[in-house]
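The following pair of complexes shares a single chain, chain A, combined with chain B in the former and chain C in the latter.
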Partner chain A sequence: MNARLQRWRLVLGALMSHWRRRPLQLAMLLAGLMLATTLWSGVQAVNAEARASYAIAADRLGTGALPRIEPAGGARLTTADFVALRRAGWMVSPLVEGRLRAGAARVSVLGIDPVTRIGLAPGGPAGPGTEGDLGAFITPPGLGYAAPDTAATLAGADLGGLRIVIDEDAPANTLIVDVGIAQALLGMGDRLTALAASAGQPDGVPPLERVVPGLIRTDPQGGAADPAALTDSFHLNLTAFALLSFIVGLFITQSAVGLAFEQRRGVLRTLRALGATRGEALGLMAAELAVAALVAGAAGIVLGWAMAAALMPGVAATLSGLYGADVAGSLQFRPGWVLSGIGMALAGTALAGARGLAQTARMPLLAAGMAAPWAQATRRGLRLQAAGAVALVLALPLCLAWGGLVGGFAALACGLLAAALLLPVVLDAVLRLASRGARGVLTGWFVADTRQQLGGLSLALMALMLALAANIGVGTMVGSFRGTFTGWLDQRLSAELYVTARSEDEGRRIREWLGPRSDAILPIWNAEATLEGQPGRIYGVADDPTYRENWPLLAGAPGLWDSLAAGRAVLVNEQLSRRASLRIGDRIDLPGGAMPIAGVYSDYGNPSPQVMMGLDEFSRRFPDAPRLYQAVRVAPDRAGSLAAELADAFDLPAGAIVDQAQARRVSLQIFDRTFAVTAALNVLTLAVAGVALLTGLLTLASIRLPQLAPVWAAGIPRARLARLDLLRTLLLAAATGAYAVPVGLGLAWMLLAVVNVEAFGWRLPMQVSVPLLARLALAALLTALAAGALPALRLARITPGRLLRVFADER
Partner chain B sequence: MNAVPDLRDVVASARGLEKTYRTPGGDVPVLRGVDLTIRRGESVAITGESGSGKSTLLHLVGGLDAADAGALNVLGVDLGTATDRERAALRRGGIGMIFQQFNLIPSLDVRANLAFQARLADRHDPGHAAALAEGLGLGALLDRYPEQLSGGQQQRVAIGRALAGNPPLVLADEPTGNLDEATGDAVADLMLALVRRQGSALVLVTHSPRLAALCDRQVHLRAGRLA
Partner chain C sequence: MNARVIALLAALVALPLSAQERGFAGLGSDVAGFALPDRPRGLTFPADHGPHDDFRIEWWYLTANLRGADGRDYGVQWTLFRSALAPDGLFQGWAAPQVWMAHAAATSENGHHFAERFGRGGIGQAGVTAQPFAAWIDDWQMVATGPDGSPDRLRITARGADFGYDLAATAGGPLVANGENGFSIKGPQGQASHYYSQPFYDIAGVLTLSGAQVQVSGQAWLDREWSSQPLDRSQQGWDWMALHLDDGRKLMAAQVRGAQPFRFGSLIAADGSVQPLTHDDVELTPARGSPPTSWRVRVPSGSIDVTIGAVNPDSAMATSVPYWEGPVRIEGSSGGRGYLEMTGYPAR
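Our next item is the complex of A and B:
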């Protein structure tokens, strides 16, 4: 056994001494793995943190595990209904949910009744209110439980004397108070949002409908409002991006591992000739790769943690902005993503090393240590790649037909992989054409040499193409989103001022005051309602040219504004139209009776269904809806002074009056923050592709001296050879960039027309941005320049002795 | 007809060895029934034209390749039935190999290359290795890497590596083929002297009549058969 161990140590030492002599190659191998793991585990850490936040919210709020009873079709649910149900024997507990503005931030408020809540899920967490002073919790001004970050946000906010208690287990960005305190804070009177119900009700309780008509019971996780379900698309999106980056990182690893296998063919042959078995050689090479995977994987996880910590605030902003889900902006250690990172590093290394190991296993003992067939694009290899690409293209419509988010992403993967596989085939064809037209001996050599190098560089160029296509695709999607969003904001925020009153009485007085001082006052009142089974909102709007001329309609029946004003029809937002398959002319169930749909409008950034109706019809159906909010039309140059006068006249707090420019600015800020994560991942992917290119070039540089030495000997100076090398890299990058444009635009179309519709329920018009394409073309060239500079510099400085040795070695 | 050898003295014995290479252009028979016996401590030169099967015969004896037909026994191992693991063990412990291309491990220095096979066979004797290095004139080069050595120096390291484990059989494939005449002669003389001193048997494939003449026995291959 000792002899065997000694032998393994020796063989491993001989194999690993290769890396000692080539530290740069080792660095590239580790860097590739590390970068791949960093991006993967970073995104997994972000996802794990967000999912943990949802789970905490579900556990802590009692919204996850327990069924809910909610008012159907916008009916009211009051404290009296709750009392009636309790008296009838129903095991229910009241819930009040809403959003509270605290300075620039908005915090979710959750009102619970700690006493009735405990009986619903015996053995579950007791939760706030039961762990401290119950009397202080339920008696005004009350106690409010909040996580440290939320408590900091609320510091200084006017909460009517509420005392904040730090609760490490509280859900992110949420204030938990007694139900009565929540009603007061949110101005809801005696209204409740829902009732949490025990999963098993006592025998003999009367049916819900008989006790309180107009209520519906929903099972846990079944509603569209469940943040975990709502945000699945976002997390899938991030995971897809991480997987793409992981694959790009693996290209670096594959490049380094492939070259190392080729360069060690001779050593392997010698080792086996001297008595090492095939199994030992293979096993030890696999062990060597596994050690590299573990080392680089561990480093990648540490970097991934740092990356996730940097991204987390952006992710929290995205989830809040797009989905209304509250997620902590900080990061905790979770074993799940660490194991996933190590697992991916090992799996990725196995994938990257599989070819080399298989070749080693098949390699006859007497095969000559061939000069880097790794670097040669064989005709058979190109044919196989083309065949693979065709197969993937054929699979694409099948994925689309499968449908859903997973089908959409699978179609994206097929398209991108097919395009990547075809890149070397296309470049080879272009170079073959170029070789026919090449004039002059040096040009001819340049084209032929470039073609010969294609095999060695193809993986790196594929990585660059994928990174550029992802940048173009995602950049175009975000650009389209932003462009559409900006246009939509202009239409939607067409009034000059938006004013929120503190009470209905103040609202009425404000409207009277504004009457002679403005061109028009447009009350915007709303009520919560369940729309096609999902919680949503119904708005009542005035009949005014502001809407008729500006509202962002996607489709509308003739005379829709007249129908709306007369209370004969309603408008629905795009999300509701798509999710419930509602078209113009269809009828929609609403509190107070169904109404026909006269139009569909775009409503970006809102995850919930929405309905618009005429103000008179709204007032008739929702007499108790708070009348606090109104838009004001006034000459734009008078808006500022009118806002100041209004604030003075009513002593309105900051934030009660929002002017159009401010609202637009804040909305765009939220939008940009929302997509900061995507932008960061874009840059990282491109950087990884740059490293992949550098690896490819450096490894090629080390094995292509035999091709360069004769040209140098024939009279081409080293500096010129270096310039030609750099030019070749730039030309290949430019060609790859040009190829990436249609691929990226195809990706953008898929994202906008398939993935986004599945994820958000909206379809955005695609807007191709020429500046974005120009910027990325420049980025491709700069990446190539950065990657090509070092190998070119090394070539320019190579000693004649090293070039001469090529001839000596060829004796 | 060869006399029946004393089996205790025989290190390698081949009977009716045949080997054919399959190529896209058709089958190329290389060995067509070769009988050969190598006795303990003797040196045998195999000569012949290019393509006559010299190297193939050496590779079969070294367990690097398998014969299509015939019987081959090396150091008591029947190579007709031996597994990959058994062949590896035979090469490791019983055979020292010297190649035309030197085949040193480029990432190890001279000291590590010299001791490599002996350590692989768990027969490393530092005193013997040091004496070999001195005998081969490598004493001052022990810390250098192969790329820092001349061809003659590299071949001397390869010879040292083959002999460091005191193998009963040394196989040398054109050991001076990559060296100039003067260097080749010096290396060959040194190799033969050391092999004889250790009492190992030597099978030497060479084109050089002078080198072949230094061996105890010469066999000539012509078109895959012993002439």
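Our next item is the complex of A and C:
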């Protein structure tokens, strides 16, 4: 037993000495794993945090667990209605929801009644947590429960003496108060927003309609109302990116591990000859990899945490901007996340090391430690790769047919992987063609040598190709989106000022005041409604040239603005039209009766269905809808002074008046923040690909000496050899870059035409940006230059003695 | 989270969970700012049928012993509790610091059904008016049906997930003031409540149990009590019984358990005249069990020596605050039927 341990120690010592002599290689191995784990676990942390926020929100707000009863579009629900339902036997509890401006920030206010709420099992309400608080909670000035971040936001805000209590469990950016306190804070009089209902009602309660007409009951998981469902696409997007980065990181690991196995053939042969068994050698090498995985995985998790913490505020802003989901901007520690990070590191290492271990296992005891077998083995692999690529391409339509967001992403994965697998095959074919046309000995050697190296570099080149394609694809998608979005904003924000009143009375007085001072006042009133089974909004708009000339229509029937103004037809947004397959001329069910559709307009930055109708028709159908919001047309140079006068005259709070430029700026800010996360991941992916290329080149540099020595001996100076090597690297990168362009554009098309339509319900025209492509081509060359410089420099400075020794060793 | 809120509400709505620590019913806690029972106050009707918001707790408590057309014994409970979270009466609507809790139960020999409701005062979801008399929470109600609007004629309804009842009660005798003109002492330190009863109801109606309807009729007893701190901190709970004796007399007997048990009661003649019972007038001896669903009850001054036993020993009210409440049969010096309530026993 002791003897065996002793032997193991010796074998391990011999194997480990390799890393001592080549610390850079060890650094590569660890860096590859660490980067892979960092990107993966960082994104997972972001996802987990956001999901936890939704879960808390769903749990605390009861949106996840309990059915909701709401007034049909624009109708009022009052405390008296709640009492009437309770007295009829309905197990319901009131909810008041709204947004409150507190200084510069806006928080969600949730008013609950903890007393009736406990009767509605299951699902706990938020609210007073300690004895003695209930009285303080329900009697003015009341208690408000808020998460620490939210409480900090609210510090100093005038909330009528409300005492804020820190509650770690409170949903993000939400203030929880009693129903009555919420009504007062939001100026809602005796109005309620909705009722939470017990899932099962007692036998024999009268139908809802008979007690309080005009109420709609929606069951939980009612589709789009759930932020988790809405934001799934966003998280899937992030996860796909993380997986891509992880794979690229694994390429680095793979090269480092491959190199280490290759270079230790001699040591292994010696050890085996000295009596170490194959199992011992393999086991110890596997153990060595496992330790590396644990160390690098742990470091990757720490870095991933840092990355997630840095990204989280941006993600929170994105989710809030795009979906209105409140997510905390800070991170919480979750043990499961650490485990999954370590697990991914171990699994990734196993994947990356499998080939090296398998080769070691198959290695004939007496085979020389030469590079040729590796390169030949890879050439055999090319055929396999081509076959794999064909299989993946064949699977692509299946994924698309499967449909949905997951199908879209699966198709993306198939396409990208097939493209990556085909890259070495294509490059090999190009080089074969080039070798036929090659003139001169040196050129012939250069092409042949490049072809020979392809095997060793193919993984790194695939990584580079994937990174470039992802950059092109996502860059084009974001660019197209931004271009369309900017144009759309110009159309949509055609009025100079947007004014929100605090009460209907104030709204009326503001309109009177504005009358003689502006060119036109366009009331924009809206009501919530269920549209084709999903919660959405109906807008009433005035008949005005502002709309006729600017509104971003995708399709429209002739004379649509006239029929809209006359209340004969409505417009729907693109999301609604796509989801419900509604076309012009179709009729859509609306509160107060179905109407034909006269047009479809684009509506970005909003995932919910929307309908527009003429103001008169809207007022007829929704007499109780609050009349607070209006657009104002005025000469653009007078907008600023008019806004100031208006704010003075009515003592309006900041934010009640928004001018066109400001709205545009805020919208674009939200947009840019939304994609800041993707941009960051893009840069990281490209950096990782650069590291992979460097590792691959370093690997090759040390193996290739036997092939370079004869060329050098034939009279080519080392510096020229080095230049040729760098040129080769640049040419390969350029070829890879060229190859990545169609792949990236294909990816962009998939994102725009499949994934976006599934995720948001809108389809954007693709705008190919030449500057983007040029920038990325440059990035590819710079990456190759950076990665190729060090190996070339080494080759240029290699001692003639080492080159000579090649011939000595060969003998 | 739910448990937390229930614990909180339970603590505030009259009856808390940790009986051992705080004394059952949270009644051993602070009374700052609330009115206290007043010995010479007496009773005023119809005003005293209504709520007394300046007192911390109050209840309208009706129990009925019924016999079904099927010949079986049934029991019914209808209880409304009011709890004031603050003595301040300034706040209206949602801000009113009154919280209401109600329990309804229907018991047969082999079944015990119950339900619980909560509601806020100030908005109309739950409340009591004195004249015409009406007490309600949600769709449960106990309302006067006679032309005088008094509680002499009542309609009582309630329903839960698997039971319901609709009963009509008519008082066959006068209201009865317990203790000293309605001032009822509950402990050796003089803790007290205002307490009157209407023990003379004849009651009939329909009982629905697990979907099956049965016509029932029998006797009912209404207890009205309000106070701000009826229990000593050391007192843990009580045993209370309201018995309809076959000889026409009614007996209310109760003990508050603590370091020193404190007993009190009323022996009510068929004409409504009442003999207050003090600690030494009543002997209550539990049989085995916790809570004990059988008792020996002796009132020597009234020549009463009976044994009471539960119609259904499994009559636990697993409500937010658990207790035991169910109909009993009486044997001994006189036969009869009645109701037994036991609070503050460790949960089984």
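We adopt the following convention: the second predicted complex is superposed on the first by the 743 of 811 C-alpha atoms of A that agree within 3 Å, B and C clash if a C-alpha of one lies under 4 Å from a C-alpha of the other, contacts with A are read in each partner's own complex, and residues count from 1 in each chain.
The working rule: a contact is a pair of C-beta atoms (placed from the backbone, for glycine too) under 8 Å apart; a residue touches a chain by one contact, two chains touch by 3 or more.
Bear in mind the structure is a predicted one, so any value in this text is a computation, not a measurement.
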Check your understanding: Between chain B (first) and chain C (second), which does A:68 come into contact with in this model arrangement: first, second, both, or neither?
Key -> neither
- Task: Scan A:18 for contacts with chain B and chain C and give back first, second, both or neither.
- Result: first
Per the contact definition in the header, classify A:265: touching chain B only (first), chain C only (second), both, or neither.
neither
Looking at A:204, would you say it contacts chain B, chain C, both, or neither? Reply first, second, both or neither.
second
For this session: With the two complexes superposed on chain A, say which partner A:578 touches: chain B (first), chain C (second), both, or neither.
Result: neither
(request) Name the contact category of A:621: first (chain B only), second (chain C only), both, or neither. (result) neither
Chosen between chain B and chain C, the partner touching more chain A residues is C
Check: For A:76, is the partner it touches chain B (first), chain C (second), both, or none of the two (neither)?
Finding: neither
Within the complex, chain A is touched by chain B residues 59, 62, 64-65, 84-85, 88-93, 97, 99, 103-108, 116-117, 119-122, 145, 161, 178
Listed in rising order, the residues of chain A that touch chain B in the complex are 2-3, 6-7, 10-11, 13-14, 17-18, 20-21, 266-267, 269-280, 365-366, 811
Note: in the complex, chain C contacts chain A through residues 1-9, 11-12, 85-86, 88, 91, 93-95, 97, 99, 116-120, 123-125, 136, 138-139, 159-161, 164, 320
The residues of chain A that touch chain C in their complex are 59-60, 79-80, 82-83, 86-89, 113-119, 121-135, 138-140, 169, 178-181, 183, 190, 200, 202-205
